[in-house]
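Next come two complexes built around chain A: one with chain B, the other with chain C.
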Partner chain A sequence: MELLLEASHLTVELSTPIGELRVIDDVSIAIRSGETVCLVGESGSGKTVLSKTVMRVIDQENGRIVGGSLKFEDTVLTRLPADEVRPLRGSRMAMVFQEPMSAFDPAFTIGSQIAEAIVSHRQGSRRQARAKVVELLRKVGVPEPEVRMKQYPGELSGGLLQRAMIAMALSCDPKLLIADEPTTALDATVQAQILALLKDLQAEFRMALLLITHDLGVAAAMADRIVVMYAGRVAESGTAEQILTRPYHPYTRGLLNAVVRLDGPRRTKLPSMDGSIQGPAEYPSGCGFRPRCPFATSECAERPPLAEIDGRQAACWHAAKLAQSSEIQAPLSIGATPPPNRSVRLPMKGDGQARAPLLEVVDLRRHYPMKRTGFAPPKRLKAVDGVSLSLSAGETLGLVGESGSGKSTLGRVILQLEQATSGKVAFQGRELTGLRGRRLREVRRSMQMIFQDPYGSMDPRWTVGQIIGEPLSIHENWSGKEKTDKVKELLLSVGLDPSWRERRPHELSGGQKQRVGIARALALDPAFILADEPISALDVSVQSQILNLLQELQDRRGLSYLLIAHGLNAVRHLSDRVGVMYLGKLVEIAPSEELFRHPAHPYTRALIDSVPPLVPGWTPWKQAVGGEIPSPLDPPSGCRFHPRCPFATSRCKEEEPAWREIGPARAVACHYPV
Partner chain B sequence: MRQETALTRWIGRERIARGRKPSAARRGGTQRLLLYGAAAVVIYFLACAIVPQWLAPFPPMEMRMDRSLLPPGPSHWFGTDYYGRDLYSVVVYGSRQSLLVGIASVLAGGLSGALLGAVSGYAGGLVDAVIMRAVDVLMTVPGLLLALAVAAALGPGRWNIVLAVAVASVPGYARVMRGQILSVKVRPYVRASASIGASPSRVFWTHVLPNSLSPLYVMSTLGIGASILAGSGLSFLGLGDWNASPDWGAILSQGRGYMTVAWWISAFPGFAITAFVLSVNLYGDWLRDFLDPKKNARGK
Partner chain C sequence: MLKFIVFRLAASLFVICGSSVLVFCILYWLPGDAVLSRLALGTASPERIAEIRHGLGLDAPFYQQFGVYFGRMFRGDFGESLVSAEPVLPKIMEHVPATLALALTSTAISAGLGVLLGVWSAFHRGGAVDAAVRIVGLFGVSMPAFWSGIMLILLFSVRLGWLPPMGSDGVRTLILPSLTLGIVGTGLILRMVRSSVLDTIREPFIVTLRAKGLSERAVMYRHALRNALIPAVTMLGMLVGEMMAGAVVVETVFARQGIGRVLADAIAGKDLPVVQGVVVFSAGLYVLVNLLVDLSYMLIDPRIRRTGIGRGT
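Our next item is the complex of A and B:
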């Protein structure tokens, strides 16, 4: 295969208010035509900057190539004037962005924006372009392309927009497609579809794919070769097989271990790396991974070169030695430490039925009235439509489902942050739905929440101490000293330095912020915590730290969690039971292990199948469910899942399946449970 | 979008982590010089307003027809007007009236407008509808006309002008504040506070209001200039304090008729207004940055 893109010793600096930051440092990668290279790394590792450098988009973001060379086909890009780069962009190399919703201009139709790309690269007249748009949209699997191309970005779902984005990238038959986290903003089911599409198109168009992702599962599914980046440098690069099964660099190894697996042991302490990645201003001298590396020695103060070892490249002084050690040989089995103290918690589940549940939700509904249009009666958006569940003390109930399934709304209604339309919520035997004002606020003491966006959920003007102390100021009449002591204790219990009271949220990293969020939720010693996507905004290595913390706190304090997440791995790992929601209804609930081993509802199965495992060469996503979740404004008749269900019959179309028990603590709403 | 915010947030974090010194030093040079200059201007005009007799070389009302319309020179720095009054002295004495109208009316109008807007935005529903429709009605009348009507109804006088200008500025502040509150009250940290069990009034005072104020600082410092001009307009129409010395606006409009023969009559009071407004505005920006936790760590 011929060499398509070659970067050697590339160094990029960004000019920022504090001076020049070296964000890419001596990076060499090569992409051959037709192959897929995955750039893997945490946020701040420089992978996005690198992709922007390849397109020379970095020029527009105060970035500069200060060293090394960049060659695409026969063109040396390093110093090419801007107006000679422009014809390359979009025609010979094209880019797909993370957020399809904001990558399109909302004021123009999809079709006209794709046609624009074709016309501006002189690939045809307007009329020819239109015909080509239809053909492209059909190729990327957009149904009814003639209709869709006349629609505006706001009228299309995220998945369809991402398909359209890909169609646009393909419009001039690029040789290289750069996809920057193309599926991160999408549901796992849609992610599987898009990945399958990318792979098909790649074969058809014979183009190279540079895929940037933080998700090692995605990399495993797609990559021929994987390049792991850390702190602006390449840590390790090799074939997917090499990287995934025998990582040499301690960072790669830590990253692989930190991934929560669908097939790993549940409720164990996850192996995790300490700390988090530094920003470019703090990149340490020598080996960038040194501060977090368990194998670091004095040798590491000097920067390790990217050296060739066993047919791969690794930038680590100890790579050769570590490669020999048994520890690193089989990362897939590392971390199977036995479950700690599970016996303390297990009995609770056994007699959970007999005991009064901590939380009981009966036939809860939350409907939003929509604005009346014309003379038709106003529609109602049924975000939550008749959900019943219960949770006993010390138990974790996971809730999964695609976005739009109503799981977050359900959480908010349970906490009475939103009014239920009907149904009831009982907490510790007390009916909450009718409570207002002071009485309701009193209940909040024992029901707390952890938020998805740790940064947004803290007042930026406040210090960490004030943030954690806020619940105490509200509910306890304590002196300053008592409060400070409690805050210190809380900071310690979430693994932060008590002296950090004076810091402000923006001075903390994502994981540290989430720890502060957890400390705040713990301040009043609640019995129940609603965790709404607590780890989805965090880096892989930090996710496992937070999961460990949540688990440890539960074991120590006997907390009950309602864990809402779209990441099935995390839910499976932490939950005792898991409920699956689809379009405002619970479709299945089962003990965690059983649900993942033998899903009864086709939707559950589809969700599980769409998670790429960490094994190279996994391709069964083509069997994953098609289509996307419909609008809850117009839910399908009968079983709401029937339009996407591979097993649907006419009965599913007409008759809504009843909620029935199919085993101990198991229930499903399906006519034909698997 | 998310990429961008991640990038900026990341760089922002670096800036903090690396210490505030580089950024402060970098911005320091010109920025600091400007701030010192602005401070000098503001202090000077405040002094003029408080003790004009110490700063003005001539009594402001002294008419000397033999010195009519002298251009700026060593004896009359700003020149003289038609009646031979020393323009510099008139400007010095006029600063009291101008600054009073400018600052007092912004305080009164800004505070009441912000309060109306804040209540309206936070309460929502019927309260919002009633307050905002009232504000809309006020808004349909051009500001100066509204001030004119109020001043005419109240009769001439210094404080009536302040009140008139304040009333005319209320709708602007109310609108901006309401918009700000609307965007802040749905932020996650506000929701988080409610989920902890904070009462609505606590949430309002501790989270919503402090995080909504920053545009108001800039707006009100800009508003001082507009208010000085509006107040001048009213006093030009004879609604001001007849006994006091003319304010900057009055001098400025008085000089309009002499534009072709004596540009300095309009120019210098105009410069005074510009210099004062610009200086106050610089402080408005500085205040906003100072109060922004991301740019400045107070209490450290």
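Our next item is the complex of A and C:
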């Protein structure tokens, strides 16, 4: 295969108010035509800057290439004047971005934005461009392309927009497609569809794909070769097989170990790396990974070169030695480890009388009345539509489902942050739905919440001590030394230094902020914590740290968790039982292990199938469910899942399946459970 | 759409009534009245004053005066000037064209210059051009119109002798007053456009546009500007109020005909019917222009067009 893109010793600096920051440091990568190279690494490792440098859009963002060279086909891009780079962009090489919602200009139709790319590269007249847009949209699987092309970005779902974005990137037959986290903002089911689409199109258009991702599962599914980046440099690069089964660099190894696996042991302590990646201003001298590396020696103060070892490249002084030693284990071989180390406490039949559940939710509904349009009666958005579940003390109940399934609304209604339209929520035997004012505040002491975006849930002007201490002042009326001592104790219990109470949120990393959020939730010694996507905003290596912390706190304090997440791996790992929601209804509930081993509902099955495992060359996404979750304003008749279900019959269309028990602690709402 | 317009018109009626009631009350409770200001102090006997007051109905209790005035107003009769005894409506209509000419020219100057300088400054952010333009903007919003008006007269009429310092006939007399008002509007719009453009070019979609190979000119003028101008259009609606208020000052400084001047004289003379007439007229104009601004949104911003514009108003 011929060489398409070659970066050698590329160095990029960004000018910022605090000076020139070297964000890409001596990076060499090569992409041959037709191959897929995955760039993996945590946020801040320089992946996105590298991709923008290749497209030379870095110029407008205060960045410049200060060293090395960049060659695309026969053109040296390094110092090419801007107006000579422009004809290449969008035609020979194209790019797909992470957030399809914000990557389109909201003031123009989808069709006109795609046509604009075609016309600006003189690939046809406006009329020809329009015809080509329809053809492209059809090719990427957008239904009714003639209608969709006249719509504005705000009117399409994320999945459809990402398809349209891909159509736009393909409009001039690029030889290199750069996709920067193209599926991160999407549901796993839609992610599987988009990845499959990319793979098909890549073969059809015979183009090379540079895929940037933080998700090693995605990399495993897509990559021919993987380049691992850390702190603006390449840590390791090799074939997918080499990187995933025998990583040489300690960072690659840590990253792979930190991934929570769908087939790994549950409730074990996850192997995790300490700390988190530094910002470009604090990149250490020598090896960038040195501060977090368990193998670091004095040698590492000097910068390791990217050296060739066993047909791959690794930038580590110890790589050759580590490759021999048993210390670097192939992470894929630890799949079959012992079963859960903790007895699962399930609410069994007959057990109920002995121990009342901590939390009991009965037929809970939350409907939002919509504005009347025209003469039709006003519609109701049924975000939660008749959910019943229970949770015992010390138990973790996971809740999964695509975005729009009503998970978060259910959580907020349980905490009485939103009023239920009907139904009951009993907590410690006390009915909550009618409570107001002081009585409700009293109950809230024992029901706390951990948020998805730790930074957004804190007042940026407050110190960590004030943030954690606030519940203590409100509920316990504590102040002075008593409060300070408790705050220190809480900080210690979440693994932070007690002296950090003087810091403010912006001085902390994402993982540290989430620890502060957890400490705040623990301040009043709650019995129940609602964790709504507690790790999805965090880097892979930090996710496992937080999961470990949550487990440890549960074991120590006997907490009950309601864990809401779209990442199935984490839910499976932490939960005793898992409930699956679809369009406001619970469709299945089962003990965690059972659910993932033998899903009864086709939707559960589809969710599980759409998670890429860490095995190179995995492609069963073609079985994954098609379509996207419909609007809860107009849920389908009968079984709400029937339009997407491969097993649906006419009965499913007409009759809503009843909720029935199919085993101990298992229930499902399906006419034909698998 | 139609529903929205009807709703807005009904709401504007409410605004107009509210502002007239407010003006009526303020003028009623202020010390002094039209009779006192009409008759030179001390030339008339107290009996004579009482007689005139009685003739004009000014000695009636508050509720009666209120009832009579608004009763007539709803029949379209704004009454007569207490000072000159002219009917109010024709008096206002006579002066509207001069003020409209002033307001339109200065709005055009503000919009044109404001957008141009704002965009220019944003595209060259951090440079000398940006610094200069920002000083102009600061000058515009912070200099009072009566002062900058006088300065313009000193420069262009007294020193250079290019333009007439006062009067209201012909285009030449329009230039200095509309420039005076335009400086204020330019400052407001320029600052708005500048920050709006700067916000827009940080949006992720700008990178997409560059990545698909559009020229920097197309990215900026076709996409960034269109998105950035949406908030600036709102500003234009509010500018109308600014211009009406400015007209009072500018028409006085330049001794121009116009309803601003009529209003200033009427307030000084406690000439309630005339003040009321001008207030109703300007409130109506303000509401109408803002309705047009809201409707024009639908042309610029597809998100509003599709989601129904009644929302949030």
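We adopt the following convention: the second predicted complex is superposed on the first by the 651 of 674 C-alpha atoms of A that agree within 3 Å, B and C clash if a C-alpha of one lies under 4 Å from a C-alpha of the other, contacts with A are read in each partner's own complex, and residues count from 1 in each chain.
Following the convention adopted for this analysis, contacts are C-beta pairs under 8 Å (C-beta built on N, C-alpha and C of every residue); 3 or more make two chains touch, one makes a residue touch a chain.
Computed from a predicted structure; not experimentally measured.
Using the contact criterion defined above for the overlaid structures, shared-chain residue A:Ser120 touches chain C, although it does not reach chain B.
When the two structures are aligned on the shared chain, A:Arg520 is found in touch with chain B, with no touch to chain C. In the overlay built on the shared chain, the residue A:Pro280 is in contact with chain B alone; chain C does not reach it. Of the two partner chains, neither chain B nor chain C is touched by A:Pro369. Of the two partners chain B and chain C, more chain A residues are in touch with B. Of the two partner chains placed by the overlay, only chain C lies in contact with A:Ser91; chain B stays clear of it. In the superposed pair of complexes, A:Ser102 makes contact with chain B and with chain C alike.
Residue contacts after overlaying the shared chain place A:Ser509 against chain B, while chain C stays out of touching range.
Contacts of chain A with chain B, set against its contacts with chain C after fitting on chain A, overlap at residues 97, 99, 102.
Taken together, the chain B residues at the contact with chain A in this complex read 1-3, 6-7, 9-18, 22-23, 26-27, 187-189, 191-199, 202, 206-207, 210-211, 293-294, 297, 299-300.
Interface of chain C with chain A (complex): residues 203-205, 207-216, 218, 223, 226-227, 230, 300-303, 306-308, 311.
The residues of chain A lying in touch with chain B in their complex are 14, 16-19, 21, 43-44, 48, 61, 97-99, 102, 180, 185, 279-282, 415, 417, 438, 441-442, 444-445, 448-449, 451, 453, 455-463, 470-471, 474-475, 502, 504, 506-507, 509, 517, 520, 524. Residues 52, 55, 57, 60, 82-83, 86-91, 94-95, 97, 99, 102-109, 116-117, 120-121, 152, 154-155, 165, 168-169, 171, 371, 373 of chain A are the ones touching chain C in the complex.
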